[in-house]
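First, the structure itself, so that you have it in front of you.
Labels for the chains are A, B, C and D, by order of writing; each one numbers its residues from 1.
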Amino acid sequence: MSAQQKPTLRVGMIGYAFMGAAHSHAWRNAHRFFELPFTPELTAIAGRNQSAVEHAAEQMGWASTETDWRALIARDDIDLIDICTPGNTHAEIAIAALKAGKHVLCEKPLANSVAEAEEMTAVAAEAARQGVFAMCGYSYRRTPALALMKRMIAEGKVGTIRHVRAQYLQDWLSDPHAPLTWRMDKTKSGSGALGDIGAHSIDAAQFVTGQHLSGVSAIMETFTSQRPVGGDFVGLGGTGAVDENTAMGPVTVDDAAIFTARFDGGAIGVFEATRAALGRKNAMRLEVNGSLGSLAFDFENMNFLEYYDERDEAGSRGFHRIMVTEPEHPYVGNWWPTGHGLGYEHGFTHQVVDLVTALGAKTQPTPSFEEALGVQRVLAAVEESASNNSNWTTINQEDTP
Amino acid sequence: MSAQQKPTLRVGMIGYAFMGAAHSHAWRNAHRFFELPFTPELTAIAGRNQSAVEHAAEQMGWASTETDWRALIARDDIDLIDICTPGNTHAEIAIAALKAGKHVLCEKPLANSVAEAEEMTAVAAEAARQGVFAMCGYSYRRTPALALMKRMIAEGKVGTIRHVRAQYLQDWLSDPHAPLTWRMDKTKSGSGALGDIGAHSIDAAQFVTGQHLSGVSAIMETFTSQRPVGGDFVGLGGTGAVDENTAMGPVTVDDAAIFTARFDGGAIGVFEATRAALGRKNAMRLEVNGSLGSLAFDFENMNFLEYYDERDEAGSRGFHRIMVTEPEHPYVGNWWPTGHGLGYEHGFTHQVVDLVTALGAKTQPTPSFEEALGVQRVLAAVEESASNNSNWTTINQEDTP
Amino acid sequence: MSAQQKPTLRVGMIGYAFMGAAHSHAWRNAHRFFELPFTPELTAIAGRNQSAVEHAAEQMGWASTETDWRALIARDDIDLIDICTPGNTHAEIAIAALKAGKHVLCEKPLANSVAEAEEMTAVAAEAARQGVFAMCGYSYRRTPALALMKRMIAEGKVGTIRHVRAQYLQDWLSDPHAPLTWRMDKTKSGSGALGDIGAHSIDAAQFVTGQHLSGVSAIMETFTSQRPVGGDFVGLGGTGAVDENTAMGPVTVDDAAIFTARFDGGAIGVFEATRAALGRKNAMRLEVNGSLGSLAFDFENMNFLEYYDERDEAGSRGFHRIMVTEPEHPYVGNWWPTGHGLGYEHGFTHQVVDLVTALGAKTQPTPSFEEALGVQRVLAAVEESASNNSNWTTINQEDTP
Amino acid sequence: MSAQQKPTLRVGMIGYAFMGAAHSHAWRNAHRFFELPFTPELTAIAGRNQSAVEHAAEQMGWASTETDWRALIARDDIDLIDICTPGNTHAEIAIAALKAGKHVLCEKPLANSVAEAEEMTAVAAEAARQGVFAMCGYSYRRTPALALMKRMIAEGKVGTIRHVRAQYLQDWLSDPHAPLTWRMDKTKSGSGALGDIGAHSIDAAQFVTGQHLSGVSAIMETFTSQRPVGGDFVGLGGTGAVDENTAMGPVTVDDAAIFTARFDGGAIGVFEATRAALGRKNAMRLEVNGSLGSLAFDFENMNFLEYYDERDEAGSRGFHRIMVTEPEHPYVGNWWPTGHGLGYEHGFTHQVVDLVTALGAKTQPTPSFEEALGVQRVLAAVEESASNNSNWTTINQEDTP
């Protein structure tokens, strides 16, 4: 059957900033490199500003636009809603979409509160019984090296896990002149470094180990409490000349969150998420030490995975620097020959591949909203501990609706 | 003016293997991230096997197919011919296309001999006078870190260049069971590691330094002289169970080429290209040492550039490990925020960007065929020296038609 | 004045295992590379086993032996007592030595309890008023790269410190067959990874930042609770064939300690000490992120310091990989030319240099017992938090006798 | 038998600059960490300047002095002459010492010409027949990681060797103001980067592979032809304020030498030695690629060896970063526990260990003068090729007296 003859998966996307661009790229290209049961179609994109959304549609390749997300959901020619908006809108949109019978891909973190996430999870569970599926966009799982890490741990290559060491270090808010955006507004983003990047570390740690965090002790800190309003936006942050006339606004989220943790499988963990680690650009690092070996990853070197195997011959033991570009590595065989590395956006492409493949098989794609709720519970526990003198806060992962 | 309203650049591509996939991706996506004067249109793809070319068209997004490249060139609805075939066909196709008034993008190396390259260059020069332009696909120039390296050298950051150190190390032919393909057949590929990967090093060295090689002394070596015919092809190479019944065929190209060189600006250089350096997957490395600083690159860590600045304060001097993902770095501002690295295929996308931008400005895109002829002269000198007891062989870069 | 004519500093050392060998090397060699006010003389060494101590004296170059440390302290021909015994003996020996008018160098951690450390500090303060000085052996301070880190922070190179990230990762107790030694016996060692290696991290963090920890939340864990008694001892650990007949004994200390912390200058910190991180051999790592730059160190690459300077020119910012072997770097000018790295034992040699230099100037060498008591308070707080459900535990650094 | 009762090896050393300090340290300390058949005794040191040599003796621990090396050789109480002088004096001293029945340790390169080296080798062969042994000081062989590299190659771990890649990169002569010293005077040093550091690469390459270079094609270059006379000397080089009044003198040696090579076992090689590679402080690098694996070393990270094993499981192949600090690694078990790295001077200590051990066994220590003559032949061939338009120059390693 030719690609043209394949059924299509008609996608409607809401939001078109950083995440929207990454998702669009994935929807456009996934079927060019992977065999999919459906050919994705970039049917419509929604945004509040008419001219901006039209420009985005043209730029990113969407066939039509809407200025009200409700209108997008109401359309008959849409099979899946892709939510790329700030966290405060996820619950309402996702619930409406699922109830309208649309599959949902929702950016992370799932919501801005456990209550919202619980409601979303309940609705998603009901929808799944009708064959309508929801998935949360923890895209780092689809980085080949992290997918390989999970596989190797599942194969027993590191034995019993003792240590998890997770850092997500960025520096774009180190500069106090970086302007205020929605990512620093708690009402929109839910939290700062914790939910934005720490959530990725939590999801990745649970994903690769197969264990869940059972308790935490946390510190959260805001180094810069006031930022200029409306500077030029550059990348995630921005730069703006600040003088005495610059209007300033309050930062209501954390610049950094650090916590120790216990896992339900016996491991102990250290987590750190910060946007104020100068020189660390996107250091999403994860290391696991087990009784038989260790695995270590750093997103700044995303095409590599380091592996120490205690069973290697004495005298030649040492971390293997695996270049994760071999045909036998996850996802990689569909791309370039050995040694030709991938980039940031490939994680989103693989996310589309896994999602569409699951939809074709009428199975639940992962991570489900229930899994993402588990991350949300950790985020909430971290905030609770931090606001309660860092005291130990347990997490009941079982307590799902 | 909207993207739809923009004039299109109608592309016809010949060949659809590794390079074809990379070029297709670039043609599909360049205008999604960069502002271009023309919107590329994937009009037609040519290949000899009807069903294979149709499958490729569908997979890669080409609107129509041809089974004869001459038919492709003859079509009125094609503005540019993109040549992704083995080197022995470049001259005939490129010359025909240019004479038919089509712009040409031709994969490297430009040709399999200096004579062919000279003829192509002469034809390209004539075409350019008619506003029809030709460019050779030395895509590594468009890796942001190498483009930054060139810019920093041009700005004087390393002073007078003394040393050039270029290695291109791969390992996919280390295994004697890797099957024979056209890349090991001198009649098709012209040479082995030398033309396939060494050519990139030569072009990159000349590009970043602004100097040209003036002489070389070379050794070429073939470690495996017979390979199995028709094994399973994997990536660039392949694997195949080899037993006494396996038909074997001769390898007629080099597995490795090494040479010392002098540059016309006074630098001395060491070059090495090999497909037999086990563990080195795509180590395209280039280091330049000058009187004021040094710059070093390794494609296996393609998002980084190392820079030593002798003028840094004493006590804190050391190679800066620059993560080349900042808005001020070449090409990068159009992609993701700081710290979110690019992959192999981005070089091809940038190549399309630079090519289309030059065409929009009616200026010669670089590298021109003339520049690529310069690389060809070096390849020829290396082969001549290697076949002449490694004796010194001068290169006359001026001697262009 | 010739070295022979210089006054000598007559040293008596107690203990001759790993630390004894390192200290002996330092006493023998410091004056060969540095100008010292006294020439150290290896006068006598004490140990309980006569033949063992005699063998050690011969091997390490000590002129005489004692089998009772009290006899060593009683000798008239000893100016300084160097204590290289397990922590449970430090207080008694150090106090006796100081009261006998001998200078003291005491291995770290200072003691096995805060109460002991307080008493030692009080006695040391009294002795100092008589011109008799005590110092604690936190030798990592004398690694050139860490000394450089302190200097650069003091010079303001990183601005206001926000993050401290300290890891001390080893793997020699990952193997459950590694035999039980005094280091796993709480009555002798006080604690496990926490006091043995975590203490170095705490001291180094306070030393380089000039800030003190004000509170912690901690987890301590013992992964292997029983170990074979009397296996072959290799390095810090050992190997021993273990079968059903092997006698096992209890491990009464932690294999790992992890904690979050706040510093009195406003920084937040994450600490981890473990002997179960497979593949990490002696990864004593310390990173500081400030408002103007960052500094990072890893003892496995002890001759390097990484430095990110936000004030570097945009486009060429990146961690400087400083090879700390230049004449302008601390201690280094007295050794080899640029690029010729030092090893582990040099920290001990520099410790002797700093100690003897301070004694020559009749000034308090650092770290004093009072500073070491500060580390002890942190160790105690970590243990208290860990045994109290990881709840926040404050540290009163002012509360010194 | 106790150390005191052991027979001594009475050493007389000539020269006391950089090499003299390193050798003295080794003679003082080797028996403190290794079991030796003789206890070295630092009996006498010779130098032309009376007060300088007396100062050196005191500083470095030598018991007596001589101002004429002939007087040193004439002394009855000397068993071994250690030659640490510039290369132009090696032949005369070594020959006189051997003829006087003294064992000889001679710094590298063995001599400043093949003729001298041949004569030395002939005399050494005659002396060996009398039980008097000579050894050349290619100390890098005793770096544990390089010794491990040799062992692993000998064990077949990399299979048939195809590539040798040797670089020795320094930068202390990059600055044109670095003053003129004997190392830039051909009459004293024989050559520049070639003999000083390139000789180490040649010896190491031959040592680890067990193959000999059979031919070369070379370029030698002097970037700075005049240097200030008599500036302050710092490390290997120096700094000196240079103005119009500064006396300048000619540099008569190479700043850099690069060459391609063939080995008698079939490998091909690329060599580079330079003192003008800014930022490279002591990058003595050696990589070998074979049919089964690869090994790579860089002295700037001297405690590590990288090893790629093609027989590792597919999916987890990658260079092992071996920290060469395990008891099973060469030399290392006599030092510190796992993970506690060694420094530059340990190579000299191990050299003494191997030399004294061989003398104890009455066997020829390695490298013999004959082996060092082999290196000398390569140096001569490189110079010949460089002065003969880089043409291929064969090396007859068999042609030994």
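FYI, a residue touches a chain if its C-beta (ideal position, glycine included) is under 8 Å from a C-beta of that chain, and two chains touch if they have at least 3 such contacts.
Everything numeric here is computed off the predicted structure, so don't read it as measured data.
J.: So which one's got more C-beta contacts, A-C or B-C?
T.: By number of C-beta pairs in contact, A-C is the larger.
J.: Of all the other chains, whose mean CA position lies farthest from subunit A?
T.: D
J.: Could you work out how far the Cα centre of subunit A sits from that of subunit B, in whole Å?
T.: 35
J.: How big is the gap, in whole Å, between where the Cα atoms of subunit A centre and where those of subunit C centre?
T.: 42
J.: Taking each chain's centre as the mean of its CA atoms, how far is subunit B from subunit C in angstrom?
T.: 54
J.: Of all the residues in subunit A, which ones touch at least 2 other chains?
T.: In subunit A, 280, 317-319, 323 touch at least two other chains.
J.: Mind pulling up the subunit D residues that touch subunit B in the complex?
T.: Residue positions touching the partner: 158, 162-163, 165, 167, 171, 174-176, 215, 217-219, 221, 223, 256, 258-260, 262, 268-270, 272, 274, 276-280, 289-294, 308, 310, 317-319, 389-392.
J.: Looking at the complex, which residues from subunit C come into contact with subunit D?
T.: The touching residues are 2-4, 18, 22, 24-25, 28-29, 32, 58-61, 170, 172, 234-237, 280-283, 299-303, 323, 325, 327, 335-346.
J.: If you look only at subunit C, which of its residues touch subunit B in the complex?
T.: Per the touch definition, subunit C meets subunit B at residues 148, 152, 157, 304-307, 309, 312, 314-323, 326, 328-329.
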